[in-house]
Amino acid sequence: MKKSGRKVFFNGEFVDELDAKISIYDSALMFGDMVFEMTRSFNKKQFKLEEHIDRILMGVKVLRIPLQYTKDELIDICNKTIEINDPYFNENDEHRLMINISRGTLGLYSHLFDKQESTVIVSDFPLKWTVTGMDVLYQKGINAVVTSQRAISQHLLDPKIKNRSRVHYQMANIEASMISGENNWALLLDEDGFIAEGTGDNIFFVKDGKVITPEGRNILKGISRDYIFEICEELGIECLEKNITLHEAYSSKECFMTATPFCILPVRTLNKIDIGDKVMGDVTSKLLKKWSDNVGVDIRQQIFDFNQDFKNTSGGSTPYSFNS
Amino acid sequence: MKKSGRKVFFNGEFVDELDAKISIYDSALMFGDMVFEMTRSFNKKQFKLEEHIDRILMGVKVLRIPLQYTKDELIDICNKTIEINDPYFNENDEHRLMINISRGTLGLYSHLFDKQESTVIVSDFPLKWTVTGMDVLYQKGINAVVTSQRAISQHLLDPKIKNRSRVHYQMANIEASMISGENNWALLLDEDGFIAEGTGDNIFFVKDGKVITPEGRNILKGISRDYIFEICEELGIECLEKNITLHEAYSSKECFMTATPFCILPVRTLNKIDIGDKVMGDVTSKLLKKWSDNVGVDIRQQIFDFNQDFKNTSGGSTPYSFNS
Amino acid sequence: MKKSGRKVFFNGEFVDELDAKISIYDSALMFGDMVFEMTRSFNKKQFKLEEHIDRILMGVKVLRIPLQYTKDELIDICNKTIEINDPYFNENDEHRLMINISRGTLGLYSHLFDKQESTVIVSDFPLKWTVTGMDVLYQKGINAVVTSQRAISQHLLDPKIKNRSRVHYQMANIEASMISGENNWALLLDEDGFIAEGTGDNIFFVKDGKVITPEGRNILKGISRDYIFEICEELGIECLEKNITLHEAYSSKECFMTATPFCILPVRTLNKIDIGDKVMGDVTSKLLKKWSDNVGVDIRQQIFDFNQDFKNTSGGSTPYSFNS
Amino acid sequence: MKKSGRKVFFNGEFVDELDAKISIYDSALMFGDMVFEMTRSFNKKQFKLEEHIDRILMGVKVLRIPLQYTKDELIDICNKTIEINDPYFNENDEHRLMINISRGTLGLYSHLFDKQESTVIVSDFPLKWTVTGMDVLYQKGINAVVTSQRAISQHLLDPKIKNRSRVHYQMANIEASMISGENNWALLLDEDGFIAEGTGDNIFFVKDGKVITPEGRNILKGISRDYIFEICEELGIECLEKNITLHEAYSSKECFMTATPFCILPVRTLNKIDIGDKVMGDVTSKLLKKWSDNVGVDIRQQIFDFNQDFKNTSGGSTPYSFNS
Amino acid sequence: MKKSGRKVFFNGEFVDELDAKISIYDSALMFGDMVFEMTRSFNKKQFKLEEHIDRILMGVKVLRIPLQYTKDELIDICNKTIEINDPYFNENDEHRLMINISRGTLGLYSHLFDKQESTVIVSDFPLKWTVTGMDVLYQKGINAVVTSQRAISQHLLDPKIKNRSRVHYQMANIEASMISGENNWALLLDEDGFIAEGTGDNIFFVKDGKVITPEGRNILKGISRDYIFEICEELGIECLEKNITLHEAYSSKECFMTATPFCILPVRTLNKIDIGDKVMGDVTSKLLKKWSDNVGVDIRQQIFDFNQDFKNTSGGSTPYSFNS
Amino acid sequence: MKKSGRKVFFNGEFVDELDAKISIYDSALMFGDMVFEMTRSFNKKQFKLEEHIDRILMGVKVLRIPLQYTKDELIDICNKTIEINDPYFNENDEHRLMINISRGTLGLYSHLFDKQESTVIVSDFPLKWTVTGMDVLYQKGINAVVTSQRAISQHLLDPKIKNRSRVHYQMANIEASMISGENNWALLLDEDGFIAEGTGDNIFFVKDGKVITPEGRNILKGISRDYIFEICEELGIECLEKNITLHEAYSSKECFMTATPFCILPVRTLNKIDIGDKVMGDVTSKLLKKWSDNVGVDIRQQIFDFNQDFKNTSGGSTPYSFNS
């Protein structure tokens, strides 16, 4: 194993990244019963950390996980984790935190363990792992592919509780991987036939001068998705939630995906039908520029730079991954 | 930590039970993307092991997990695990195996690890952990409770692939725990309003002299469920699959649950409405007796004995758990 | 039988309350084919009587009941009924009218009766019968319980036609009564998994400073529900209809129920998960105060007083009932 | 009022038919919360009385109505009612019993009444009231009309519990009455688009030599429907339940309705499309003959005779009604 | 055959109207795989031609039909067709264009034909063929009839792509034709039970001073429908999209249909229940007047005049047809 | 144009194949309102012609098309058409009839035409046009691809009425064409998530020694599909209808498609997951052999021979088409 020096907060201790492991008797593994968040920094400053913590605490509440930490303590843990790991990050790296909370080992196995408590884990790794290779998407755009896999309705398994029971997202990814050509990303319809979300991203359209996105029902309400509303307001662009059909999508002028690691990526085609007439539409560009300005990082350039670094050091290429 | 001596097979090695842990970067944790099986022995002889292996391999195939072991090798691993652990089991203990297979660490984290391979884990622990405390259910019967949580339809997330994305079962369990009185077990309807399954068990009814159980659609098709069909055939009792409504359930003469650890448990009431006129109906008793005879273990008595042992040694009582 | 002196308007006559009975051959009984309203007074002055009459006439129209009275005549009947009964009411009593209209006896039985006409009944009884015992709910709040019983969709049986075919509300009440603890009130989701209504009340949430309530689709559009919109406007609080999911409910700051007899009652928990951080939130309190001010009755105090009276006179306690 | 001498059993007493009335405060009226049965005799001997009683008791159980009578007592009450009324019946009349059970007055009104008990009513009237005028249907056949009103799914409001919350049947009847031409009877599809039932009758088709009828799911499982299975077995005709689509119906050779009062009536057209090539097909005729033979009454002739009597005595004509 | 002189544009040529025929091997016939538009003129000037062309091009895009003409060329073709045909039109006639585009003959038959290209057809006939006989509807109003035939959901077959696979509209028309009385037009609910559209027209209601129409989801978004929004804005009347239930419809004050040939027609009754209190409500009249003013044609008078002409020339009457 | 000599029956006349065209004013084109059949011969003898005629007449009945021909006349027309065309067929060719029936020109256009009658067309072309190129599928097998396009439910648009409103099949074909690799054929799930059918073929699976196929509900009940039941009976193989889920499909041992032109083609993979362990399973082979024996044509060899002919004559290759 290649030790990196990075440490992971694990129920009160900092352990080596490679030792950050969860017991097979933990409810997280037994039931996919774990809520999580994945954040990022801009210039090493966490973005919307409080919002991420609020969202995970909402999940903790609904799943009735008894938690030994307060909101403030969780924020402290995050900050402490970054502090400990920063020495092992490059100067131009960004901190991507993964926060996991499960209710711990199931009752019938609990006698094996010293204490019965929730499992709380915070790891910290370079953002570039996630976004390297995505620069091509700014040039070519994503082909969003509607899969036969539908989104699960909120009353059956609520996607707004960001939890680990989501193998159906893997199924959708597998399906998208069977499409010919490149840059195919899965897009799920919900059971009503409305556009829902990608498997790790929210989708937006620009139509009639307005920015629209699916109602926050059968989707994860992404922190990035929320931020688009903020930026739009700053820019004086109307942004609203709607039930969006494929027809409305096809007749849009622009389309883009949002997620924490890459912020905004253009969608060029939907089921290989052109959306608008260029890779990245004007409104999308404006939003990406505003976001970059607001956080003091040229988001697209940064991904380009990560990619260059990677090519220089490894001489190879990594296909991007998309988990937010 | 309390070391027991028991070992868990973990990707080619046998590690201490307490060290059987999965990386936080494993797809099992990231996506609930792991298939699993839980078996049991009768008189220390595994029951239907091949059927369990066949089922997990079916899941491996549908989830497109590249697996480094053949079916025969998996069976060997199970047997080897039992052999290694048997010295640490009591004479009257039964071996409960848990077999887990995930596709391993996600691509973006794989460079951290020496090799990229599927995660294959076989653990082995005493069955009594699971069934101790359940003897009361033979005396009082379960109260099956229809929860507002519905089963997820097979075309959204197939319950027949026994996988770890099942936090909705936890939600149903939490809901059942809010019912007044004792021995409340969750029972899920599917989206069409038909009776589906419990959160770790299949349900059967006896009506008009026939044994009926929900169609194998929006449920896990349990190995124990299959075995009921076998026993019924041996006993000359007609056993069939049906779409079962609540009305049909209420008008049944008997009802029982099946699952690997306890085989058969009587359901006395459904939403507190009596099913039939005694705790365990005649057909149910006959089936339990036949099963006991076939495997050479008095199943009910064994659970009673486990409970007595437990009371003698711990002086306390453990509420039963229900994971099949 | 205990004669009270109160009279009920019954197809043109005033009969003793205990003689207000409907033939078993009436369509009301044969088909649950009767529309109704239940009103209340404040300081003995009917509240929104015209709105109640308009609503029942809408039901009369859709059910194609041939009605022998005009709107004005119906209002006169109500007023006359109150006038006749008032002497038998205590000074602090309020008049609760029940108005029933069915199409009368079915055709095949009509030859038994002198005339074939619609059945029109107006009864008048003290409001305290309904609300006595509810004062505890202002102190502890309701625990709203999502039942497995779903609301029936409007295109199958329209809840906006306030009619008597509603045994499913009874089923939901029975289900809620099985929850452990006290003050459990049923809350129905509709077939789409959105929050619909209680079995005799509408639900509101306060979130992001706004008052929200389910769209008027698969619910009864309560007169009290309408009045909340009025009060909100008077107070300058935004109030709007939405499709509301459980997640949105759990993440609200306040929640309350409305219905004619009690006006507003706080919901403290939803499926035993806390909503907000106190029994009755600030906005809810403000709305109740405004309503009280508008009608010149301290609504909460009145219920408290009714309860005291009841305890003084009967020496016992009545569980509240909830029929609006 | 025209007193007939007939008496109705009403909670332990026999009251005049015109005095058989239910308090407006009874749950039967407040919630449509009443189960019921309607029977008939052949040659004054009740048909399948025990099956009717069993069915109503199943409804009592599911609705959790506390009932003060046993099954045997209910049968005694029915017999006693017939005995008392028989003197007022003509020689050729048949006894049509209506049995009603509700949980009685609601709690909040119960203090008005001497005792709080379930409401149990048995009335007895001549069958001819129901079937007079139906003889034309044996000559012309019914035109079954698929209404836009759908059957309510069993998990929302179970039609197998024969209860009074069924104003949607009235709505369907109103819809059918708008079709041009005569003898239009409503036929409901369920929410899945399968043929369900009429508003007071079950439907059968003859196809490929087999008798088929919708699965017993979103329909009332009629006693007459059950009897068709019995007769078919006696005649050596295969009879089975199926999910039946409109296409299957249109391509059938025969179609008929069953209900207690008329037993079997032919359906000539479905949405005005011919089913088969004559009004009453051979299998239907055979079934009606067998039924007549079994009960010792020429069912069709009896309805014809009732009609003649009616014309002789009243000089008018009554449109048939259809309540089973 | 009666030659009229009128010519139809047919893949580059102008052929006689009676020779405008499509090969049986064309995808249009094999799969109903053709998009189309039907326009009209006012005073011989095409109305919203560009909008019609835009809509058909959207259909061409989604159906992936390779088209040999640009938008401008299509407009030229339309204008040229009118120019050629105008000599054969009466002075007071209006030009009704029908534009058809299919992908041409299927691959397996293509070797029969000289070239493989899309089929593009533009015909031009007098509007009066369509609207003659409709003047009675301004006097009596339409009776909109909710059929058991539901609208097909947009994710199954998108009505917003105006295509020829719409035999279900014929089925709905047949159903409406079975209603007694006159002027019955089919109205489809969608699968969710919301009001969708007629079989060749969009529906609007006037309620609380607002003009409302179903959300543009499971309906064709008519050009006339869009124009109502425009006129409303000009008149300062609020006009909005909503999910509209039957209850909302019944409680409206006015109702009307829109479609290209007749623009606006009043709906007097819905399932024979009165909407409002006169045939054509005030808002509807105002909208029709505004439309007439805007286009310089008294729309209602023109239809009346067409009818008079027809009666004068043919001495007979034609039932109106309704295809938009 | 290349005249072939082949003639098409067209409403009483035989016209040249290239002149077989339908007016743009025909309901077939206006509404996709046409039923059709496509047959084939074996050794120039029509196969199941009567069954095809029966099926089209069923469609005629449900669509209420007034038809000027009897069943016997239609059969005569088919035979006459073959007789006339046979001289233009090669010795080894097979006759593929296409029979089309629509209700003719719409009423508003009918005055243009001499008579108003249904449109009845029978064309006859060589089967090889359809199956040439399919021989590769016997070697490699089809990859069946579940599309996001779902089958339309029978109560919305009945696929059992073989009609021309089926552009959604084109949409599914387009979707399948986007999958990487070759031999991808669309497979539609119905709205319940069950496997329905291909876009011109029915699907069968072999499992547990039985041949299973989807219930005849949301699919076309193919004549070939029916014939598989016949052959199975001859071979003593159990063949039955079931609701089939994807899981059941994945765990099958064999899979094949049926349709008139090719009879049986093996499905090797489903969503690229292997079904069984060879291209064409033993049962499938047995069925194909039996079919070949029964009709006196080696079906697979014939397709191979057609292909060789084609290559010899045209020097090119035609991708197969799939319309049944």
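Points worth noting:
Chains: A, B, C, D, E and F, in written order; residue numbering restarts at 1 for each.
By definition in this document, a residue touches a chain if its C-beta (ideal position, glycine included) is under 8 Å from a C-beta of that chain, and two chains touch if they have at least 3 such contacts.
Everything numeric here is computed off the predicted structure, so don't read it as measured data.
Shared contacts of subunit A and subunit B, meaning chains that touch the two of them, come down to C, F. Among the other chains, the CA centroid farthest from that of subunit F is the one of C.
Residue-numbered contact pairs of A-C overlap by over half with those of B-D, the repeat interface among A-B, E-F or B-D. Interface residue usage between subunit B and subunit D, two copies of one sequence, is largely distinct: under half of the residue numbers at the contact are used by both copies.
Centre-to-centre, using mean CA coordinates, subunit A is 46 Å away from subunit F. The distance from the centre of subunit A to the centre of subunit D, each centre being the mean of the chain's C-alpha atoms, comes to 59 Å.
Centre-to-centre separation of subunit A and subunit E, using mean CA positions: 46 Å.
Under the contact definition stated at the top, the residues of subunit D that touch 2 or more other chains are 64, 155-156, 189, 192.
The full set of touching chain pairs reads A-B, A-C, A-E, A-F, B-C, B-D, B-F, C-D, C-E, D-E, D-F, E-F. Interface residues of subunit D facing subunit C in the complex, by the touch rule stated above, are 1-2, 4, 8, 17-18, 20-24, 27-34, 63-64, 98, 100, 106-109, 112-114, 121, 123, 125, 129-130, 149-150, 152, 155-157, 163-171, 174, 191, 318-319, 321, 323.
By the touch criterion stated above, subunit E contacts subunit C in their complex at residues 189, 192-193, 243, 245-247, 250-251, 273.
By the touch rule above, subunit E contacts subunit A in their complex via residues 58, 61-62, 64, 153-156, 158, 160-161, 192, 215, 217.
Residues of subunit A touching subunit F in their complex: 145-148, 175, 178-181, 189, 271-272.
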